[in-house]
Structure formats: C-alpha cells, structure tokens
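Both complexes below contain chain A, partnered by chain B and then by chain C.
What follows is the complex of A and B.
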C-alpha cells in the first residue's frame, strides 16, 4: 500500500508544485481532512495523506499523471463546506487542494466570469459586482469554492427563480485521471456538439475529473429588493400559499419555509429576536427586480395572495440591514442545531407535495417520539429534515428513521438528495433507493473515466 | 444481413404493436425516410426498413428487446424536422415512430407538463395554454415532437431569455437498447442523486436511449408583448447594440438579427413587404412581460439604448397580427433559401463575437465569390450561415467553405453546432474539430449504453 511517507512520491510532488506547497505529517494535515458533515455520521479521515497545492492546470495534470501511474488515490478538496463527507480522505493518498488556483476574471460584453476552481463563491460574487454584474444563484456558504460548487451542482435558496449551478456553468476545463485536459463548452449560450460530457461532470462529486476552471454566466444586477416574513397559523396554510404565489407569475428570488421552534433557537444563538410574535409557520420571501416601481407592484400582488390564503400580518423589510438580519437568522439554523444533530437531510419532492411530505415526517417524528426539525426551500420542494440525537439511541435507529424519511419522499415522486449529493454518507441509501440499472450505468461511466479508481474513491458510487 | 422482408421479425413486431401499426414495403415507407436536411447533403435513405408505431413504453421496450437480441438497427423518428439527417435510416432496420404516444397532461400545482415523446411542440404549447400556463422556449418548428426536441436539445430564438430544452426538462423516461426502462428525475426542481444520466441522454440524438416521456417545467403566461424592428445602417452598428441592451438588465424574449436581402426574399415569398424602407441590418426584438406598465417602461428603455447606439427609426408592433407578420417573415427565410441551398450551418460563438464572426464569413464569401446569407439568434451568439449552390461547383468546394466557417468559429471560442446537432452530416466535422480524447470518451459512453450499436447507427459518433 502506498503511504504518505513514500519519499519518492513526496519528492515528485514537490518537483511539480514546489516543496512549500506539499504538506504532510500527522498534525500538519489536520486542517485538510474534514468538511461540515455532522460528527455522528462522518467517516474517520485517513491521516496518512499528502496535501498538494497546485497553482495551474499543468500542475494538476502532472499530479494526476503521477497518481494514475502509481495508482494513488486523489481526494480533491475545495472549501470543505460539504455535508456528506464528499472530500474526506478515506484512504491513504493525495489531497488535491485547489485554493491557490483562485483567479476570477469577468468578460463584461459576454457577461461571463472565467473562474478557477479554487476561487470562492465570495470571490465570484465580488468580481461580478466590480463589473456591475451579478451571479444570481446563491448556492450556500460563500467560502465554498467554484470547483466544489460545480462538482456538487450546488443549489441553495434561489433555485426557485434562478436554478442551480448547472444552469450557470457554460464551459469547464477538467483534468482526467490520466492527466489529459478536457475543455468543454465555452462562453457560449448554446452548444450541441456531441454528448454533453460537461453536464455529466457537473454533479459527479470529484469522481470523474478534476474541474480546474469554468465559464459562468452572469446577469445584470437586480438593484431593488424586499424581504418579507409571512406568518401563518399552520404549516398547511403556509405551504399551500407557495404554488398560489408562483402561479401568479411572481418570481421571488427565494421562498423559504421555517417553523417557530428552530427559527427562535437560531435567533437566540445570534442574540437576536425573531420579529414575528404571531404564527407558527413562516414563509420568508425575497423579491428582487430591476425596476423599483415594478418591485412594489409585485410586492402588493404577493401580499394580496398571502392575505387571501389566510396569512397573519406580514412583516415587510426594505432596509438592507433589516433584510440581512432576517436572512442571518434563517442561515444560522443549521449551526444552531448542529451540536445536537445526527444528520441533515435534503430530500426533494415535487414542490406542491411539500406539505404532504412534512406531515409524513411529523408522523415519523411522533412514532419515534423524537423531534425532526424541518425547514427549507419551499419554492423548489427541497426540505432539510434534521435527525437529532436522542439519549440511548444507536446508529440502527437513526438509520431506520432516515430510511423512513427517504421512503415517504420516494412515494411522493421525490429523491433522496436535491442539493448535498451522495458523498461518502449516502452511498448505502443511493443503492437502496435507486434502480439497479442506474447504479450499473453509473459504475460503467466511472470505469471509462477513471479505470484505476483513483479519483475520490469511496464517494458517490455505492 | 437482416432485411425488412424477414417474415418472423415483421410478425414479432406485429404481435407487439398490432398488424396495422407496422408499415413496410417500398412506396409505403416513403413518408418516414427523410427530414428537413437540404437535399445536396442529406444521405440517401435505406428503403429496406419496417416502420413500427408503438403506443406505450412497454411496446417500445418489447421492440428494443427484439432488436437487441437480433442486432437490428433502430432509427427513432419524431417530427422529422431535423436539419442534419439525424433520423434518416442509413441501414436496413426498424424505424421507431413515436407519433402515437402523444399524450400531454399538465400538473397545474407543480407547473409541470408530463408529455409523451410523440406529442408535438404544438400539443405542449396548447396543453399549457389550456391550463393558463406557458412553455417559455420556442425551439423551432411546432410539429417537432417532444422526444426529438429533447434528444436534440433543441434551441430556437428564445434561448437568450429562457435557455434551451435542457433547461426545461426535469425528468425523463427512456428505454435502453436492452429494453430496460430508466426513469430519471421527476417533477423536481433539484436532484443531485448521482451522475446526471438524464443530462447525458438529452442531446444524445437517439444514440443512447429512446426517450418515451418527459416532465417539462412550465411557467405562468407572459400576457403582454411587443415586437420591434430596429434598423441600422451597418451590421456592426446593429450587432454592437445587442450586448448593450442585455447589460441594462432588459431581458428580451428574443433578439434576432437579419439583413436586407434574405429578409426581402422571404417577405416576397409570402407575398408580403418587409416594413422597413431604411437600413441594411435589423434587430428583431420581442419583449414579453407579466405586467403591461412594466412592459412599456422596458420598451422605452430599450428604444433609448438603440437610439444611443445609432439605430434608424424603429418600428414598434403591438397588435398581435402585426407582431405575427414580422415573425412569419423571419421564420420563412430558411424555406425561401432552401431551393438554392447546399447547407445551413448553426455555428455559435460567445455572443459579443457575433459581429467579428460575420465579418470573417463575409471575407470567406468574397474570397470564393459566393453569397453566404447569415442571420440568427444574436442574443445567444448562434448564427445560421447558408452555403448556396453555385454553377459548376462540386462537393469539395462546399466542404472547403464549411471547414473555413468552422475554423473561424473555433478561433473565436465557438462550436460547430449550437442547435442542430451532429446527426449524419456533421460527423466528419465533429471528428476534425474536436479533441481526440473527447471523441474517445463519447465512443466509450456509446459502448456502455448500446454495446450492439443498434440505436441510430451512423449518427453523432464519427
């Protein structure tokens, strides 16, 4: 078995990227081993690894040629913001850390960013802003890196209006396990040149190729925005309002659903107060438009729909700081729940079935006498269900609950993951809840891209 | 070699779909052999074929099981509106005609259509309309069928705002060559369950699987629209205006570019007159919005940008019949040019490079002393260049011109096809203008889906 202390490999890596860009030794590699996966489910990382930090596509290619030849596992690492252990090294191997490849340039005429894999979402947002442009989706933590966002087809709260990463990526440069560089797409709106291997690589979680660069579509800014909290007495009243809003032609930037207990826990953690005294179930709706007058017209129409659907008194935030405060409370829920959490799920159903799904989750919750806080992206049917720690429970019970949540999701025409992907921790579930022919085709696809199985082994494929 | 007169195969097909749904014999199959590919480049169809018309996914599956077992080529056929010979049978085999599978239902709450492969674009548009919903893109001829539109990832004039077919397809049911049925995605906005094989099948031109059904996202109607013709003295003035418009945040439904000669030929063919006396180069811009007042504000802003960019007097059509007349003239160009046409290209470059591309095409045109009419989807960098018939020229010269157009396109960061795909006629070009590693991966992908090479042989893969 290859080991990080194999001197010739370390020497060869040093000769590719420079000695100071190679990190190894227990203790020194510690900061490169984990992601945001909750402790109870995350795999124990293998510490017998070398971290290597290339500065260019040529260096990535040289590293992969070496790894391919010597059959050394390679674990690509972005911002480490994943929730399913997708970048945790599970074997002795190389951690390919892309943080030095962080250039972003903007082509204003084509409204496209050219971003290296290690640039953060924050870098991309800032670069677009400096060019008076805008990256519409907001796929989560701003310290996520572009390569990871694309490899995991990140989603986030704005998919209801603007879609997920896949909809914005127009071209990629990716290095195959052999070291060969593939360039697919470009600064293009249309491309029908053969099989769309770019789409296959998007969402492949680092198992088919290492994405080194991407062309990402930008849009003009939406300078005017309003954030609203719409309280309801009941979950069903809140959730039934969502399709009604969307059918009017209103296109909110985000439609989030939260309930009183988790949102108050989150607010308290931030030393803030949740501003709605009334109601148990809330829609947080962001509107953003090009035109201020139009924004107000849309806002009025939206409030009418909500009142007709039985909402309580809405809270309308127009000032930037007020809007930010609401979104900070919403964003903090995961962190607030994390210490007592076993797992965060991201099941997704047809949007109109969210209410049904949550009722079924309540039934599961009651039958196990546990609390399963659930909230999420109501406009796109994507709900984060949290499995919480209970005194005296073992893995088998948590697994049983997860399987039950997945089963009711599938019965409603849904899927086990809408955002987070499979990573390390969902492989058993993928196998259990997928058709064997689909699994077989995936394995064959993996085989043709990565015959030696060096790229992110133990991930995605069951 | 298997032949259509093989009695047992015909009998077996009849037992699957019923005797009256199996068509064979020279003369009787004639209506199923061609598509819209110009005569000079289209392959000679093989007439030794059996046309079979299944009514269900189960029947498609049974037909493919038979074909797989007996290694019989299968040519899927939709509306026959393709321009690259993608559905023309080039060997003895089965023509799988999906026209009987034409059901469309609309799920209003989820704003999704469930459409069978043989439903036409027209059927989909009508079904959406009956539910007070709207299918935003308009990927070409309304008698194209859903299966073909997805298999070819059809584009059209509205990609600038709404994207191509790929952006609307949320789930598919597809039958593999073995007869196994694969169901991918669903009525879902988000899905990150493993490799996105649905995206791989979209655009695979019937070579990987037979699409039998799809879930297609719909949107609320855009009830208010305006169509404008903006004349300019020169091509460069017209084309430079396009990125300026898009950067203001105006989102036209379509931005088409046409020049005087082809548009007048087209108008004359329809017995109409092109309504602009001034100008040589024209942008046809469609605006459509939810809100009438906002539409007028956008229209004003747009006209300001055009005037600042040096446009001549714009023509603004608000009445439905006036708007339709302009679009009919635009749509007729292909038919008007077809009798004297050798090939219609659909090269695509970064949108801001369209002007450069057209200047380079003019250079090619001058150096061969031939007219290469070009027009197209200016908002998405997709230009239709027509190679016209010239007295005494042979295939070699046409091929040379096509290769030159492709070369200048690639130099500008573009691709040889943005819309029409590879089909039969572009395979040589795909091979010539693609990286060998990409071609190799495509062949391996084909191999894992279709090891016996029965699905649409001689198409897409060089």
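What follows is the complex of A and C.
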C-alpha cells in the first residue's frame, strides 16, 4: 500500500507539537485505530499511520497546512466511542488526536460553556455542575469528546425533551483542510448572518473541518428527578403507549424502550438484577423537574396513562443510587450483546410510528426465524435494532435483513440513521436509500471545503 | 407523671399488635456520594445533598417486608432525626412498611450511639409488643455498626449482627447466617434483634402506586415528652452522650503524577527524579 508517512513528515509533525506528542510504529499506534463498531462490520484499520496530539488550534492549523500541502489523509479522533467506523484510519495518514485540548470554562451569566474539542462529555457535565448549571442532553458515552460529539451530532436518550447535540452548540471554532481557522457563531442565542455553515459542519463527521472549540448552551439544574420502569406484556403495547404519554403534555427527560432478554443479559453481566419481575417489554422514563410537587403531579398523570394503556405495575426509583443502577443496566446492553452481534442499527421514524415500526421488525424476525433485539430512544422514534449472529448465516443474509429494516423504516417516513451517522459502514446504504441529487450536492460541498480530499476520506460520502 | 404513664400505656393498649410484628430501625442520611465536606471546619454540609434512607437500611426494610409476606403481621419503621427525616419514613412506607414513627426533638440532637440507642429502645418500649427488630449493619455517615446491638442490650433481648442470610423463619424464631469474617449459623428466639448486611437480599423498587400513596400517608412524630414514662431525660441527646465528635478530617486527594523519560539520559533523570521525591 502507498505510504504517506515518511521520516520528513514525522519530523515536521514533531516540530509542530513536540517529539513526545507524535506516536508511530506498529504496536504503538494500536490504541488509536479502532472505535466501538461491532467486529463483523468494522473496516480493517490501516496501521501505516502517525498519531499526532496537538495542544492548540494553532498547532491543529499547522498540521492541516502540512497535510494539505502534501496531500496526506487526516483522520480526526475523539473518544473512539462511535459505532460506524467514523474514526478508523482506512488509508495511510495522520490520526489527529485532540485529547490534550481538554479545557472547559463556564460563563455563568450567559449560561454557556466554552469547551475545547478534546474535553470529554464527563468534563462538560462536571464543569456545568460545578457552576450550578446543567447540560441537559446525554449524548452517549461520557468518555466521548466534545469535538466528536459535535462532528457526529450525537443524539442519546434525552433528545425527546432537550434535543440533540446540534441544538446546544451556539458557536464553533474550526480549522479548514487548508489550515485556515474559521470562527462561527458565539455565545449567542440568535444568529442570522447568512448560510449556517456551523450547522453544516455539525454532523459532517470530520469530513469538512476539524472542530477545535465550541460554545455550548447550559441550563438551570433540574434538581428533582425519578426513573420509572413501566412493564408491558408486548413490544407493541409498550411502544404504542409512548405517543399517548407525550400527548398529555408530560415532558420526560428520556423515554427508553428495553426488552427482557437483552436487559437481563446486561444486568447479569454487571452482577445486578433487573428489578422488574413481570412483563416482557419495558419503558424506562426519566422525569426531572424544578419543583418536587409538580414532579409528583406528573407521576399521577402518568399513572393514569399507564392504567389506560394496560401496563403492568410501574416501579419507581427515587434514590440516586437506584436510578443510577437502572441506567447502568440500560447503558450496558450494547456491551453485553456485542460478542454475538453483527450490527447495531439506529433507524428513526416519526415518534408516533414507532409501534408500527416494531410490528414490521417483528414480521422480519419471524420470516427469518431469528431474534432481533431492539431497544432505544422510544420518545424520539429512534430504535436500536440488533442483527445477531446465527449459525450458518453468511454476510448476504445479514445485509438482506438490514436492508429490509431500512426499507420499512423509509416506508414509515423515517431515516436509516438517527444518531450514529454514516461513517464508514453505512455508505452503501446511504447511496441506496437517499436521493441522488442529495448525494451529488453533498459531494459538491465536500469538494468546496476539502478539494484535496484529505479530511476523513472513505467516510460519510458513498 | 403517673397520669402520663397511664395515658401512654393506654395508647399502647389501643394500638397493640397481636400479629407478627417487626420493627425496622432506619436512619435518614445524606447521599454520601453527593454530600460536600467543608475541609476548613471539618463539617458535613448537609444542605449540599438530599437526605435518604441509609442504604444498608433498605436491606433491613426488605428483610422485614419479606418476613411479613411469609408470616403475616405488620412492619413498623422507627427513626430518630430532624423533621426532614419524614421523607425517608415515607420512602419506607412505599417499600412496604405499615406504620412509621419519627422521633424528632431538639433534645435528641447531638446524641452519640449510646444516647441514640437508648432513645430508640425507649420508643420501642412505648410501641409495645414486637417479635423482631431489624437494622442495617451500619450507617454510611456514622459507620459504627453499634446502634443496633446497643438497642438490643438496652432492651435485654438477644441479637445477631451481620446477618447475610435468613435461612429459615418461623413465628417464634429465625435461623440466620451471620458473617463475622467466618460464617456462623445461628438460631435466635423472639423477641430478638438482627442487623443485616447488603448480601441478605436485593431491596425491591417501590411501585409508582405505593410511592404516590406514601406521599399521602401519615408519619407519626414523637417528641421527647411523648416518651415520658419510658425515658430518662438525662440519658438522651448531647447530655446523655458519653462520646463527642471534635473534628472530622477529610483526607486530601493526591493525584498520581507521571513523567516520560526518553533517550540515553533517561536513567540519570529517573534517579534524579526519585532522589527529588525522597525515595532514594
């Protein structure tokens, strides 16, 4: 394979960031090659790479100038928590690791955080908390980094009430492939100056620019919260209850859907017990409010909806430790299923169609005589359907099932990805399930930003 | 005074419990992971974290409720604490407790384990007949594990600490496994007291219905005067305490440090660094 990394490049990179911040050589780069993408669909990473760790926007700019001039591919890397191979180097090039740029400051009066790209979600949550403020969405793994969360427009469990990453970003600093630094937006609530290039860069998966810093909106804390488990006898009954809940005006922080088998596998892996003994399908609802009395009035209302919808007895965790335990079991389902998983999908339909989607998924499961575990963010129509390994099946069958799930999703007015993005692994599906004009326009946009195609090549665009 | 005693006995008679009766002792503690410590004064800032049932006491409640489900009868939760502790007693009701009593009076304040256990024992005498008292093995804020066994001593009943398994339960006795480092199989006849560990069970989550019902339930609040006839006022609160906390010291956090050494000079630099730290 053609190598873009030679001694001169390494020396130049070392002169920019310092010798200690450049890592190369087989074995040493191993920890920077992968993300959380399941093994069966993960691309084989290219190991002829050099990892470089800048400490400032100026250094990022200098690295990109070098890469642009020498036409060296640059693979931006955050926390490596992606699920579609978005940061896996597929060619010889530079892995741009932003972990040293991890400062977060909070402007309490403007309720705005200024976070560098390498700060983790955990850092942001903690910084907000120290300022007695709150970052409402929980867009995934807390070791994900701000740059990656923005570049991939991460979603997460709380989008139902508080939106996704792009709803919180008010300004960014980004370095273009040429090395030019662009500052867009700011600590602003309104900004109507021309094309919204910031929103274009958000969700561009590192293909248009390298985000180095962001202004992120924070909110007052919601001090009173509870987590509820509502059990049902069937998938369909559980999911059809979701729009009923939302129509009453109840605004949960999260409405998650889980099923008995995956949640028990996850609990067992953690040495815990799933607290709900009855039911096969569950809604996990988090309510958070400023006022305790109001919170329990919402609970009364919710109990009425549950009774009308034929749920079994809802359980409630009020204590922090009990709430954390439920969420921990929920958040570890992916890890628990991963060893026997082929793919995790994140199809999204209009929220009220989620029950219909699950009926269709059930039909697909039956026709292939397999189990497609499903869980996810029921409140915003975003469900993770898992394709599991079956004895004697080959790639063609898995692809067929995936395409069928995508087809029924599109028939219901949905999209193939609600939060994971396209990355490396969904490009073929993007091509198949999108309008050609849309693909063509995206390619033209890429050409304008990155004429040498150095930023995250082989990603997003088919 | 005599009249008071008579009235109190009358109350006990009216509320007398003839069925199997378990009393569970609980404590309202700050959420220990959220609570902030003032390093300067060595005090706990209780306003920094919401209060809740001591985590070990959840296992005590679950033990009591499981025994009730098997043997019938009722469970009474008893706690001593500030008025805010009422929320923990409501939580206990949501978890299956039938009656909740809070001992709350500024005269109880500042009590050490001796005065606390004496006050609780006095209230238990006032409650009247019981078969079993269940406590958590310790509290997360005090961490002594003394109050339970001391209550039993005040009442003159047998007790088994660190119960990690209820092997058998009957209307007149329990067979339990006590984990004192080594495990002991113990049979204890009622009335008795046990303290339970986290291993004894997994506390269930309350139902939404029970939580909403508990919010409307009554928590009885008893002050020192309501224990007249059962209590010696010189043995409660700060006055009745034989120990006092002078200061709480919070160990300072030390972060791990690292240096990366490269090149031919590394060994010398390493030796120098170790010398600077006083290791060699």
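Note that the second predicted complex is superposed on the first by the 458 of 462 C-alpha atoms of A that agree within 3 Å, B and C clash if a C-alpha of one lies under 4 Å from a C-alpha of the other, contacts with A are read in each partner's own complex, and residues count from 1 in each chain.
Quick note on the criterion: a residue touches a chain if its C-beta (ideal position, glycine included) is under 8 Å from a C-beta of that chain, and two chains touch if they have at least 3 such contacts.
From a predicted model like this one, the values you see are computed outputs, not experimental measurements.
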Checklist entry - A:299 contacts which: chain B (first), chain C (second), both, neither? => result second
Checklist entry - Touching A:194, do we find chain B (first), chain C (second), both, or neither? => result first
Checklist entry - A:396 contacts which: chain B (first), chain C (second), both, neither? => result neither
Checklist entry - What is the contact status of A:20 with respect to chain B (first) and chain C (second): first, second, both, or neither? => result second
Next on the checklist: Just checking: does A:348 make contact with chain B only, chain C only, both, or neither of them? Give me first, second, both or neither.
Outcome noted: first
Item to check | More chain A residues in contact [chain B versus chain C] | outcome: B
Checklist entry - After superposition on the shared chain, which partner residues are touched by A:314: those of chain B (first), chain C (second), both, or neither? => result second
Next on the checklist: Looking at the complex, which residues from chain B come into contact with chain A?
Outcome noted: 107-112, 152-153, 155, 159-160, 163-164, 166-167, 176, 180, 182-197, 199-200, 202-204, 208, 219-222, 243, 246-250, 290-291, 293-294, 297-298, 348-353, 377, 379-382, 413-422, 430, 434-435, 437-439, 441-442, 444-445, 448-449, 460
Next on the checklist: Which stretch or stretches of chain C touch chain A in the complex?
Outcome noted: 31, 33-34, 52-53, 55, 91, 202, 204-209, 211-212, 215, 260, 262
Checklist outcome for this item: Residue positions on chain A within touch of chain C in the complex are 19-20, 228-229, 273, 275-276, 296, 299-300, 302-303, 306, 313-322
